[in-house]
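Listed next: structures, encoded as structure tokens.
In the two complexes that follow, chain A is the common piece, with chain B as its partner first and chain C second.
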Partner chain A sequence: MAQKKMTLEELRKLREDKKHSVEVRDTGSKTVEITVGMGTSGIASGAKETLKTLVAELEKHQLTHVAVRQSGGLGLEHAEPTMEVRMPDMPTVIYGQVSPEIVRRIVSHHIIGHELVDEHIYDRPAADILDAGDHPIVDGE
Partner chain B sequence: MHWTLADMLLDLVHNSVQANARTVSIDMSQAPGELTIRIADDGKGMDRRQRERALDPFYSEPGKHPGRRVGLGLPFLVQTVQVLDGWYRLESEPGAGTTLEIGFDPDHVDCPPLGDLPEALAAMFTLDGEYELEFRRRTDKAGEQSEYRILRSELRDALGELETIESQVLLRDFLTSQEADPASA
Partner chain C sequence: MPYANFCLVCRGTACESSKADQLYDEIKLQVAANSLSDQVQVLRTGCFGFCEQGPIVKVLPDEAFYVQVSPDDAEELVHEHLLKGRPVERLIYREPGVHALGNIEQISFYQKQFRIVLRNCGFIDPENIEEYIAREGYVGLERCLSELSPDDVIRELEDSGLRGRGGGGFPTWKKWKFTKDVQADQKYIVVNADEGDPGAYMDRSILEGDPHSIIESMVIAGYTTGADTGYVYVRAEYPLAIKRLQTALAQAEEYGLLGDNILGTDFSFRIEIRLGAGAFVCGEETALLLSIQGERGMPVQRPPYPAVKGLWGKPTVINNVETMAAIPAILTKGGKWFAKVGTETSKGTKVFALTGKVRNSGLIEVPMGIKLRDIVYNIGGGIPGDKKFKAVQSGGPSGGMISYENLDTEIDYETLTALGSMMGSGGLIVMDEDDSMVDVARFYLEFTAEESCGKCVPCRVGGKQILHLLEKIASGNGTMEDIKRIEEIGETMKTTSLCGLGKTAPNPALSALRFFRQEFMDAIPPEVREDAV
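Coming up: the complex of A and B.
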């Protein structure tokens, strides 16, 4: 049977229903921001699949405190698809070669487990982390 | 590199938003033997020299980010249209925006697949920035006509913030349903 076309009103109602049924997690009211590079190179390298998998994983784990954004390229065309992750108490990093499998690892390890996926980091941590000098990346691990 | 038509559309919308467009409109019309796409924006536009350079794959407009050496979106699109024996028209003036129209036979043996249009649309509607995006799709298949139109402002009105996961999931369901049902609502 063909899927029925959803109207805007139905979409609005679904949104209202979802808002009331999702439990708000206590995350200290801080928001995680994930930016997927969606420039020409990114799109050609599969960034749409990266984004699609990211949304599915975040929804599966009910990570409602995460905002998903897109940018043009993040400056690392050789490492597309790329994804920047900003979250409290963790260094801001840009991951590269982010296939759907790596998306799942980033969600489970970085977002949920607060552990960096080191082998896919393509850009340095934020300056304050470097200044602190006690992060595993700084120590060359 | 394998491209789909959906990927190319996404790339063009990116260009428009990066050109500071406040309004972008896409009109995709398909009838037997011809697919035409028109994308128009009110971004900063290009003068003649910039239009010529925009079609050069080894040129990228300065300022996008340091180290960028290529700008492949438009050149690849034009190359694709030419391979399909199609046509294109690029009009742009500084301060007056840009309009790109292309047309070709979607049944041509070398025509790229449409691809995941709902996913590409989801990406187009959730780019960073304040802009209105109108997407209109018309199809005429064996005499059966269908049409749908989506406005970013209407989606934001229905969903609130588009960056949240709940909104992103519902947005994809909504967009997929527009494509799945050939009859108008």
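Coming up: the complex of A and C.
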């Protein structure tokens, strides 16, 4: 496809359109972290759809300050797909049974509106896992 | 469909020479084989700077920093990390002495760095213009064509305090203003990418990793000074840089950012590439211009300066690659923003190629005014093998030695010159206690004696003579008289040579004598050594 020569206006528009796809890589500017559980049971329950919807929603709302990470199962196999959300001024929670519809609600209510999506909260990250970094047994050989 | 994960593979020359090209192909293949193509974007980027540990692969948003990755590792990396979300620990960079697995922001190599010029290197795909545009690319040009007059551009550059990064340190705004103010039917913009100092590769990395920043600033320079044609003079030994620049030029033209009626305005500008054949002296601006004209590259007397009478006798702005790469950022964020970084006389950042006896060699960008100690010990990670630091050679064959006592000097143009060295293009070679200063001086003089164009006597004869004397001393046949003679000849070369090459060629020998005189004395046989000197 031949690219047509741009005008000033078209350059500005192209930049706006492409900005998100590049800025999303810039980890320095992230303040919110969302982890999607991508273990076998998560994937079997639709975690891939959850992830795709999440990434698409973030782009739609131009939320470049959100980092999306993947991990293995979060230990809540009965509630897959699962998603952990960490952000300043909000408690860290794990959401369960996160269908694409729930992803949209988490993005609009939790991330944008600073309001928990109560009926899908299943857990909080266990304290011992959080501190594993300097745990004597994990750390000391 | 946006991507969830990004796999950035360094495709700078250093990593390519350790099979990064095969690695990239293999990762792409594995991503496809695991049905991840719509989820993971695999990108070729420019240099990350941490060349010591290449090939480098960075996985985002996890910030996993993989080093020394071979094509054979691709399968495991994709299957474990990108499919299952488990980072491959054995390939993640571990800092010596630090227990935890580091992500990139915790690595000392990057902590004291501040990236303006290298802002896009290792972050975008240099062969895709839309990535550059998305990172505020061509905002500077856009502003020029819609709101800034040529005088406004010059004012921004003056506010920024930007000085020539090729080594001389001449204020960029003045150069541009000289050319702008001359009346002429034709003017030119030239970018000097004839990077010749041994060990220096900042210009190469910028052209490879962010070629559009150079194109953008050339068009801006054309707009500011009234030139309609530009040349990039790049050495033929940089095939990858040339290829990326060619790709970028074609894309810029296709998108209407170069050529006739740029962005629908009545401003037009074209750029051509000229290849240098590898003569060091062609990095000198007057020789470079002659070489572009197809003549033998030999310096001519200045003034008149190229800004007034340059290429084919027409006013010509000639700037180094690194200088140009800073300009789009200055015009996007403002000259005052740039001037917040740096020292009183030297603003902004400087890219250095850190090599020699340091743990982390590579390409770094640091604020002006940083202490040499921070570069060697924090970014460089110190000297391997618990050896003692001896000196840093800065500025390549035109520069000099900086000894231990001066490690806390805050680096800028003035302080380096005061130490008998110079900023030069930004090579920093670290030496330890095993390195002989007589040998180092001899190495550089051998280089400059060979690269002298032969036009003026001080450089042609002087360089050869100093080299001869250094060889004599190194072989154990020197006398005290020889040391004195090196200094005499050196001073003469400095004051009487025609161009920068000859004027600075004796620096490595003179500064070695200044800081490590005893070493030269020790090389002289005791029977002819006089303690009086």
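As a convention for this text, the second predicted complex is superposed on the first by the 93 of 141 C-alpha atoms of A that agree within 3 Å, B and C clash if a C-alpha of one lies under 4 Å from a C-alpha of the other, contacts with A are read in each partner's own complex, and residues count from 1 in each chain.
FYI, contacts are C-beta pairs under 8 Å (C-beta built on N, C-alpha and C of every residue); 3 or more make two chains touch, one makes a residue touch a chain.
Quantities reported herein were computed from a predicted structural model and do not represent experimental measurements.
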{"item": "Touching partner for A:69 - first (chain B), second (chain C), both, neither", "value": "both"}
{"item": "Chain B versus chain C as contact partner of A:18, first or second or both or neither", "value": "both"}
{"item": "Touching partner for A:51 - first (chain B), second (chain C), both, neither", "value": "both"}
{"item": "Overlap of chain C and chain B interfaces on chain A (superposed complexes)", "value": "2-8, 11-12, 14-15, 18-19, 22, 38, 48, 51-52, 55-56, 58-59, 67-72"}
{"item": "Of chain B, residues touching chain A in the complex", "value": "1-3, 7, 10-11, 14, 18, 64-68, 70-73, 76, 116, 119-120, 122-123, 126-128, 148, 154-155, 157-161, 163-170, 172-174, 176-178, 180-185"}
{"item": "Chain C residues touching chain A - in the complex, by the definition given at the top", "value": "1-6, 8, 39, 60-63, 84-86, 99-100, 104-105, 123-124, 130-131, 133-139, 142, 145-146, 251, 254-257, 259, 261, 263-265"}
{"item": "Contact set on chain A toward chain C in their complex", "value": "2-8, 11-12, 14-15, 18-28, 30, 38, 48, 51-52, 54-56, 58-59, 67-72, 133, 139"}
{"item": "Of all residues in chain A, those that touch chain B in their complex", "value": "2-9, 11-12, 14-15, 18-19, 22, 38-41, 43-44, 48, 51-52, 55-56, 58-59, 63-64, 66-75, 77"}
